[in-house]
Amino acid sequence: MAEKESALLMKLSSAPHIRTGDSVTVIMWTVVAALMPAAVYSVYLNGLRALIVMAAAVAAAMAAEAGSQYLLKRKLSFHDGSAAITGLLVAMNVPPDAPVWMVVAGSLFAIIIVKQLFGGLGFNIFNPALAARAFMMASWPVHMTTGWHRFSQLNSLSGSLTNVFGLPPEVFDAMTQATPLTLVREGPRILHDFGLGAEALHRVLFSPEMLKSLFIGNVGGVIGETSALLLLVGGLILLVRRVITWHIPVSFIGTVAAVYFIYYTATGFEQAGAATLFQVLSGGLFLGAFFMATDMVTSPVTGAGMLIFGAGCGLVTFVIRTWGGYPEGVSYSILIMNALVPLIDRYVKPKVFGT
Amino acid sequence: MMNSIVKPTLILGLVALISAWVLSLVNSVTAPRIAQLQRDIRSRALETVLPGYTVEEEKKVTVNGKELTYWRAAKKIDEKTSRRGYAFIASGQGYSGEVQSIVGVDDTGRIIAISIVLQSETPGLGARCQELASKKTLAGVFLGGNNGPESTVPWFQQQFAGLDLNRKIQVLKKGDWNPDMQEELQQQNAISAITGATITSRTVKESIERGMEMLRSAESFTPPAEEAAK
Amino acid sequence: MSPTFRGGIHPPESKKVTEDCEFSNLSIPSKCFIPLQQHTGAPARPVVNIGDIVTEGQLIGASEGPVSANVHSSIPGKVVAIDTVPTVYHLQRAVVIEMEGSLSASASVRDKEDWRGMSREEIIQRIRDAGIVGLGGAAFPTAVKLVPPPDKKIDTLIINGAECEPYLTVDDVLVRTFPAEIVEGIQITLKALGIANAIVGIEDNKGRALRVLSGAVKGAAIEERIQVRGLKTKYPQGAEKQLIYSLLRRKVPSRGLPMDVGVVVQNVGTIYAIREAVAFKKPLFERYITVSGDLINRPGNYKIRLGMTVADIVEECGGLKGEPEKIIFGGPMCGVTVHTMDMPVVKGTSGILFLSKKQVSVEDFGPCIKCGRCVKACPVNLMPCDIASAVEVGRLDLAEGLSVFDCIMCGSCSYVCPSRRPLSHFVRLSQDRLRKKKK
Amino acid sequence: MNYWHEFVKGIWERNPILVIGIGLCPTLATSSSVSNALWMTLAATFVLVFSNIIISLIKGIVPPHLRIPIFISVIATFVTVVDLTLNAFQPEVYKSLGIFIPLIVVNCIILGRAEEFASKNGLVASTLDGLGMGLGFGLTLTVLAFFREMLGANKLLGLTVIPGFEPSSMMIIAPGAFITLGFMLWGMNAYNSRKKG
Amino acid sequence: MELKVFFMILIGTILINNYVLSQMLGLCPFLGVSKKLDSAVGMGLAVIFVMTLASFFTFIVYKFVLVPFGITFMSTIAFILIIAALVQFVEMVIEKISPVLYNALGIFLPLITTNCAVLGVAVLNLKSGFITAEMGLLKAVVQGFGAGVGFTLALVIMAGIRERLELAPISKNLQGLPINFIIAGLMALAFLGFSGMKI
């Protein structure tokens, strides 16, 4: 590493002499604020437990940031909000009943191994929170795939899903314990045990009630993904405040919708529209598309690059959800595309004016 | 010119020859043992699932184009009576690949024991279907603490012993199995799924049920109730 | 929507302070420091000696070589020294004149001459004699610009009234105050170029100037085709490549000049000075500037004599409200900071700003977070983040592949960077280093 | 000739993995448990020692331009001996080491030693060199396996280490292997640069 | 139906069981040649080429020489010699036919002989049971090709990341191999997303 140029920056200072009011700290804490609607709602829905998990993850992330900056003799900047986001997102990516020690381990992994070893803020290749999720998934799969909260009965935002289709109570009970995407995979087998066909499942999954539940927020899932609506609100805050641009969310969500619609139509599925909507609203796609794929450090810098990145995320999400071993593909798709960002940035550059 | 091609070829040929000779010596010692081992795996599995039985013949039955390999076996009860037993290979698609087990059933259609012989499930999840309930710890071994008895049958597979294949087997989610649950589960003709690996658990159960269906087309079973009536 | 270009930024305009300040004259200073180089090119050669008595507008420095400009005395008096003084172009030789005698040579005093009767060469010679340079910032000798090489066919004159820099309002007020004069200046310049098409580009936020000038063009029954067009308010709308693209959709090639696409660009102030030089034979020894910023007591737009020092101007403008964090010659985006109150105003100085700590950025910079804002802001589509990161760790080889020489030094990238990285500074650094390496 | 030095150099100062940075695939793939690592060490050391011996014996009669093919043949012969023997007598080990037994052939530690050392030195020195290098390889492998098995399965040689601790199963699959080796190399670099002062 | 099998082999070798990131094969060239993107691409192409050919020839030799003569225990020796000869031969042919290609790939070819991924694919073709399978030869060749593509994919991604990291303030002791292993670990973590994929 060559010597830094700081010494060469004359005290006199060069133009320009005024700067935008946005600073890294402002941007980062804006993201934290934008995550709050979904986080607060999740605490309401999942109970105090979710709050404890989030607080522990954030504290661990900030402590890890401060500690590693101290040990690596870097400038202390743990309060700039980026570690807080990472911690918060680690927590928002685990089930509400996840053990506290696990999210703490996840936060430490995210900050120390994925971020600080690579040089700290701005230099990491992979999204720390998502790498931590993959780490926890590979390490403690049981804690990551169980402990969902069932569709809540006591919820003022959206009514609880009722057994309108008259399924046997045990079946309905079993089904509402899983996350919607797990249900898509496992539902047929559960129903099969009771001698029912898969159509019953589709009637439930793609019903307006289910879609409403997904959109407004009353489904089993990780802490952060229970309400598409509130994530959208947060995402719009980021768009309006110009923290993020439209490119990644639009191309990511757009690609998932387009590819699923084509897939459902091509396989002759009669509820293609509703099924596509189901896919768009579930599995933390909004959380990923607005808050995680948009992490600027790990996404391309140019608009065109972002469009490619978003489309790639959408495509990989589709592939993993449809054929992969995991029911949910958003987090892995973003991680995989993170790895491609240096290549995208290298080849997708704006054409220099006048050339 | 000639020399530059022929000589190296000869030398290399010689090297290869020596090597082939050495290896064929080694091979002559190892080959029979390798073949023996391969046979053993199957016979040991059969012993596990049909304890006390003598295997009489290997048979195949084809139902709807699908083939099932099974073995007929018999166990002497006393001089006059002997009971039949069967073992078959049940196979199904698990979470990340084929899960194969050998299942022993008696002539009433009750499972004697099962043994999962092949799986490639996720370590820590589905792969726990072969996990032994060992409590041995490092400290225990070195400091001589209480390590508890070690079981030889994986706990997941142990649940199947005694289940009645004339009824549907239920897959419940009661958390990891322990001996205290045994009685209740037996009453419900159920197993408790491996935590977080319901798919694997279900696959084993379904493959056994499917295998039994096929076996029924070749052999007859007397359900326990009818037997009692007799 | 008004025409514009890709990229650019929207800094706070801060023009309210002075946009309604009509021009007024500052008192003539008793001592002027007139640098011999106030332009791009070679310094002028002094033609007076210490002790000489000079009149207002007398030639004191003669242009040297093909790209240079004459320098004139801005006050009558005695040459007391020819000395090295600090200027915005670093240390320069300057003629120091102490006021003596009376004022006589201001333009209104002379009679207006009929420029229509003059030949092109005659007009250009007058411009050259008057020492006119671009008043828009770059201070390139105007006469040189008006005589393009024969293989470059010029078809359009663009008048730059964009004034996209925050705080500055001098061009705006100039257009509103002297619309007819500017139209006449355009006609003179068109004649000098031997063409008939001119477009004046003015940002939308200066509606009054747009209206007044359009009126003046309509009012004067003229044979030339002069259009007045509004431009989207966006920095750096006034940069010539961006301006040409906005108005004509022509792209000046990489590392090329406006004349490569048949255009000559002149600032409105330059046009005004051309008229005075040609029709009144008045040399460039005074100009209008904006004095602004939150720390000056009487901000406004003033006519001042070149060579007047910052200290004199501060005194004339009612003094300062406090210790300025930065004193800037020019606008806050492109301007340069000065470190002494003895700095003289030169031809290219369009404004002086006195800014407090509140107004300017003094924070330390952090690492690049790859937000891409600089890429989005760069009007020439560079990747300032990559250039800066490469230079920061001494990887000139990487910077070289990133077209650093296409940078127009607008500073947009630095302005938007949330990590406060001095991006344009790093780009300039890479240019300097690469040039040195080539040598 | 200092025989002691020929033996110990492979363990630290010229450690094939940590210092020379070769033989990485078997190192990573067979370090998921200490028992795998020990068996791999045994297998690789066997091949190293015997191929070194044979090569130092025949070094005089090998035509120079046929060196490499002949060395590879010798190595491959011993690898096959190991392969067949493990398959016959240690089927469990054979199964868990998988294709990394035949791949010992391309492990450049072995070819590298043949080329660099055994083809130039005598029988005793070559044997000791093989043993030392094998030990150096094995020691690194075992330390790596120690961390991976302990953190990834909470086990050592099949015995639970800390009852109640929930291990991170990532450590026993590929990502854990890479990351752990990364940390080991980091530690090695830090140690060396501290020693240099 | 058959097409699906081949597609699955490709997906399997490229994404699910990527040779580098999941099977941990071919690491020496993966770490050695990923410093510059250009050379990574060159190396990748060379490996795809050699792996495909190696799959073909080792399969033929195994099925039509080793099995009939009952000397399957000689397979390791046979394979490594085939690969060495193949690389030599390819090098000669390319040099004759296309000097341009030779200049691009030439320096990488000798490196490939000792790349365990190439021997690995030959051995894995045996373990996958292709020898007795229907269309086994084609399956083996597809597997060889896919493995090469998977290797190249990982290599190129790695090179991109390493070029970017040249600008990062990574601690001195961590630079080089240590951080590269950690990157590889995180890439492997990301690729876990493809695990358990079935079409």
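Each chain carries a letter (A, B, C, D and E) given by its place in the written order, and its residues are counted from 1.
The rule is simple: contacts are C-beta pairs under 8 Å (C-beta built on N, C-alpha and C of every residue); 3 or more make two chains touch, one makes a residue touch a chain.
The shown structure was predicted, so the numbers you read here are calculated from the model rather than taken from an experiment.
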| item | value |
| --- | --- |
| Mutual neighbours - chains that touch chain D and chain E alike | A, B |
| Chain nearest the overall C-alpha centroid of the shown protein atoms | A |
| Reference chain B; chain at largest CA-centroid distance | C |
| Farthest chain (mean CA position) relative to chain A | C |
| B-D compared against C-E, more contacting pairs | B-D |
| Chain A-chain D separation of Cα centroids, rounded to whole Å | 42 |
| Separation of chain B from chain E, taking each centre as the mean of its C-alpha atoms, in whole Å | 35 |
| Whole-Å gap between the CA centroids of chain A and chain C | 50 |
| For chain E, residues that touch 2 or more chains besides their own | 73-74, 77, 167, 169, 172, 174, 179, 182, 186, 189, 192, 195-196 |
| Residues of chain C touching at least two other chains | 367, 392-393, 395 |
| For chain B, residues contacting two or more additional chains | 16, 19, 23, 26-27, 95-96, 122, 124 |
| Pairwise chain contacts under the document criterion | A-B, A-C, A-D, A-E, B-D, B-E, C-E, D-E |
| Touching residues on chain B, where the partner in the complex is chain E | 16, 19-20, 23-24, 26-27, 95-96, 122 |
| Interface residues, chain C side, partner chain E - complex | 367, 389-390, 392-393, 395, 398 |
| Chain E - residues contacting chain A, complex | 37, 156-157, 160-161, 163-165, 167-172, 174, 179, 182-183, 186-187, 189-199 |
| List of chain D residues in touch with chain B within their complex | 63, 65-66, 69-70, 73-74, 76-77, 80-81, 84-85, 87-89, 91, 156, 158-163, 169, 172-173 |
| Residues of chain B touching chain D in the complex | 7-8, 11-12, 15-16, 19, 22-23, 26-27, 29-31, 33-34, 37, 123-124, 134-138, 140-141 |
